[in-house]
């Protein structure tokens, strides 16, 4: 399997390079990075030195991607919709890690991303790459939109309850906290160590671009409020949904509903214990739990993931495995690096 | 002013010893600590070595507190209600940093703290030590219950909106994150560095003891969901309240409401910028902001404090200043140690 | 390959359980933990839930280890010398992660560990499990002493220069910094988050037990000064050696000497770039660099490892692979989880 | 006392603004910042909002500094030597926090800073602002060079032993670790959270510019090796000196020597306990300790400071107090913010 990574010098690109080392059948042929073209990957990413002693970043040459079996796009949002259309049919499988092709409705895209979509005709052809919710559509797909980090956690948490009709879907809240790597490697004062260390804050409030994606995939209407936590990796999504009028759901029932929905899923852990993000560090697992507060009538569902793995590159690999017909867990682990 | 600190070897006690160095009129005469009786304070708390080179912890001898002008109690919850009753009238001012005397209703105390209150007759005599909300009652008080950390942040955030009648008070959420010092110095696996570093998790869900205190002081009914962030100090309370049916409040209006309510308050900073907890580190300030999401009908109010200062010892000092008739800001700063 | 882990509830035990999931031929049959006997591994270590949904800790029953092909001992120092002697010949391969069998000279053990060795007759039979230095002896070994974390870094850094005769071996310094997981999972105030976060300190000075082990394996006499850094994993050893009288070595020469010594080693990365510990996180790699300061006549060699992987469990697996005749890199990666 | 701060938008400038709030006699009249001219200080530095609600950064206008009693310069290295000469005699006291005027010998400056000094005639007029070593010269001074962070720690540690003649001064090592704020607020990838969090590394090896300053102030010749620790503030300097041939010094003697040298000093804490940087956080204290290893013949002296306070702005204030004839401790505390 000949693989390419476009925009490989950022965090999701580095993570794909790491995960690729666990894929026996993959050969990374091309890694592009405009800013770092010519630089040795090991120079920029010392953690990869043992595995990629000679690989160098290249400038993006779309023609140079022709014939590859699998190409991951890790470009800044807004760019893959410019680049990908011309590659359809010229590469085996496209997996886009940006937000460009995640939303089904171009009008929603325009409302939230500040401008019309440049390739709306492709929106209907891309499959949303969250296997636990879209496995059937992913099989054999050639165009996959890897989900966003927060939406992955929120959708996996809320979808089962919305589908079961036990909550009021119009009235949900997703209060989440993420490590700083979710902001990407672009730098800037907001992500400087001295700015982030030892502090906690909210941002992107009230209109964060992940809102429509969360709503599309969870089936709920949500107010989404993200926060920045002083850590590098990890997302905890604390999702609130009002119990439906029957108010029959209790904590045990909520946990059972999750366990049943995700029975047999290799990467989903449902437990009574409240999840901690570090238990998923470096792994493709999602840890879920739930509580019902009868006094106030709220269901609280919690989902913990590693934002760079299950929230980006790991899930991209998982979706690619499904699309390519390989065993879904190939090259992926559900075991976190702990402590 | 002769001062005593009972239970002075924990974090709130250490913080009182630090703040006491900024009080020109105070003399710390007694610091008790059962476990560390006899140990030099500088040995246990090197940060205090320059100011307290000879002070030693003593065993608690209630008789030894007689005649002190001001005694702070920093005992584990449930103990001050055993000790304080016999001291009424024998010391000038009692400030209790535990939860024992914060709730007005002994039935509520019993429901949430797991057993009947041992000194219910005193509950009505203690004044809740949150000056911005109870300044008039605090003047001249001799029994002060220093508020809890999370309730301080949540009450300061929500009270103005509940009082103004612009939200639905029965339906609020308080989603908060705290640094680990909020758990006290007792140790245990849950607060080990390897357990807390680089991870984020929820706890105390759904029944956390601060819930009734938040409800008492904010006037709202709340689901309170605390989280542990990988930092030592700081609390950010993200408070959600539904807009009332008139739905007239917008973000500018919400900020104006806060600015007006807290006009002239030396320790309250209202700003359009979303607060970050570190801006209050080591200080008695509270930073507030708000946003209205018209699309979903929620008001979001955010409050950032240092849990050991404004959330405990600093506010205890502030309340003591008011009770003693000293300038309220004596020995306290609203300037954070940044970065 | 039937595998057992004795003392599996601590950090090195958890790490072995994680690494075992990457070994296709291994089956973990027994994991013992006195304090946690009966508890589900997934309960104590949520990061392992996806891989070990039913495994439970057991009480140690030496008879229950009979016939296992490979047993790792992760007991507190001083205990394996009590337990292991009776197992010789009853299990295939013993790998001890404690310090009990690392030192060759029982007199040195006694001087540094505070009491006579309980099984000195076995000291000569154990092979020191640092493959890059002892590969030949490890092949076919049945008793392996997995090296300590600091000694691993220091020995890999200094040994090449001592062997090449270009430094004065009697006069070396090893100034190292480690994350807190090196102290184990035993807890205590010294490793509480509030104690460790945001601070740096030295400890174990001047007599730290790793000193004789560093000296035995590096061939140098050293003053070893460890420090605790506010991180969970990682060791950086900054090793100082005086240039020999010829003073011919320069930086380029030092790097070339390391590159030549470790040519072909899958887990050793020699680079001009100064190493950062996180580049090795979760991996079995060691990153080395060096500088010569001609002005003062010192050689500085730096080694970065993950203290739980290359400094303990990963190297234990690597040594076991060699001893068992399996490809040395089986189940191990040199790629760090970054960022 | 009318005060100005030139280059006030960086970390040392912010810290001076915070410390200024503790000076009853000071009035901050001017704060300049080229990049942020016009911006409200509270906007850029929310921690200062409560104290400086209206103050704005201004562009630097040297004429605008005329007549000020005290001006602190916090410009990038190399700039104050361009600006200060024209201000001599036009402001009361100049305190420069950059390295420009710290070295006595212009030839040394040129060798280490890469170019000739632009105002060498002033070098002899500036007083090195480390009061514990230069108090007499500081009294009445009008030109003060505030010391560098690492040199402060190393000089306070080593000077007493060099002066006492009990070590070999030609053969010292200073191995130090610092929090990231020592790199300033300029940003860049090297100080991004994702780069610094959870990792430890060396840098500036072997020629770091602080080397000649350490040598000038300690009287020793040193190899200086700094490291970056994953924290925001704090420096621990672990200083190694060979015992002189008499080899009479032991640990008790070393501690006594430090205690005697610094007897009565309000900001120096000498203790048998090994220092931890956080004990000095936000304070102007330096915590010292020492150990002698008779086996290897090394003296190890450790010094912990807050790099932004005692390592920069706090010490600048302390030196200014001395120069102005005010009580040396005015507006400064030796008590750390802990935990």
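To keep things simple, chains are lettered A, B, C and D as they appear, and every chain counts its residues starting from 1.
Everything that follows uses one rule, which is that a residue touches a chain if its C-beta (ideal position, glycine included) is under 8 Å from a C-beta of that chain, and two chains touch if they have at least 3 such contacts.
The chain lineup, named per UniProt: A, B, C, D = N-acetyl-gamma-glutamyl-phosphate reductase.
Since we're looking at a predicted model, the values are computed, not measured.
J.: Using mean Cα positions as chain centres, tell me which chain lies farthest from chain D.
T.: A
J.: Could you tell me which of B-D, A-C or B-C has an interface matching A-D, in the sense that over half of the contact pairs are shared by residue number?
T.: From the options B-D, A-C or B-C, the copy of A-D is B-C.
J.: Counting in whole Å, what is the centre-to-centre distance of chain B and chain D, each centre being its mean C-alpha position?
T.: About 35 Å, centre to centre.
J.: How many angstrom between the C-alpha centroids of chain C and chain B?
T.: Taking the mean C-alpha position of each chain, the two centres sit 45 Å apart.
J.: State, to the nearest whole Å, the distance from the C-alpha centre of chain C to the C-alpha centre of chain D.
T.: Their C-alpha centroids are separated by 38 Å.
J.: Taking each residue of chain B in turn, which ones touch at least two of the other chains?
T.: Residues 11, 181, 194-195, 197-198, 230-233, 275-276, 278-279, 281, 339 of chain B touch two or more partner chains.
J.: Please give the residue numbers of chain A that touch chain C in the complex, ascending.
T.: 11, 14, 18, 21-22, 42-43, 45-51, 181, 197-198, 232-233, 266-267, 269, 271, 273, 275-276, 278-283, 285, 287, 333-339
J.: Which positions of chain C touch chain D when the two form their complex?
T.: 171, 173, 175, 177, 179, 194-195, 197-203, 205-207, 221-223, 225, 227, 229-234, 236, 238, 240, 274-279, 281, 291-293, 295-296, 298, 300, 302, 304, 339
J.: Considering only the defined contacts, which chain B positions touch chain C in the complex?
T.: 11, 180-181, 185, 187-189, 191-198, 230-232
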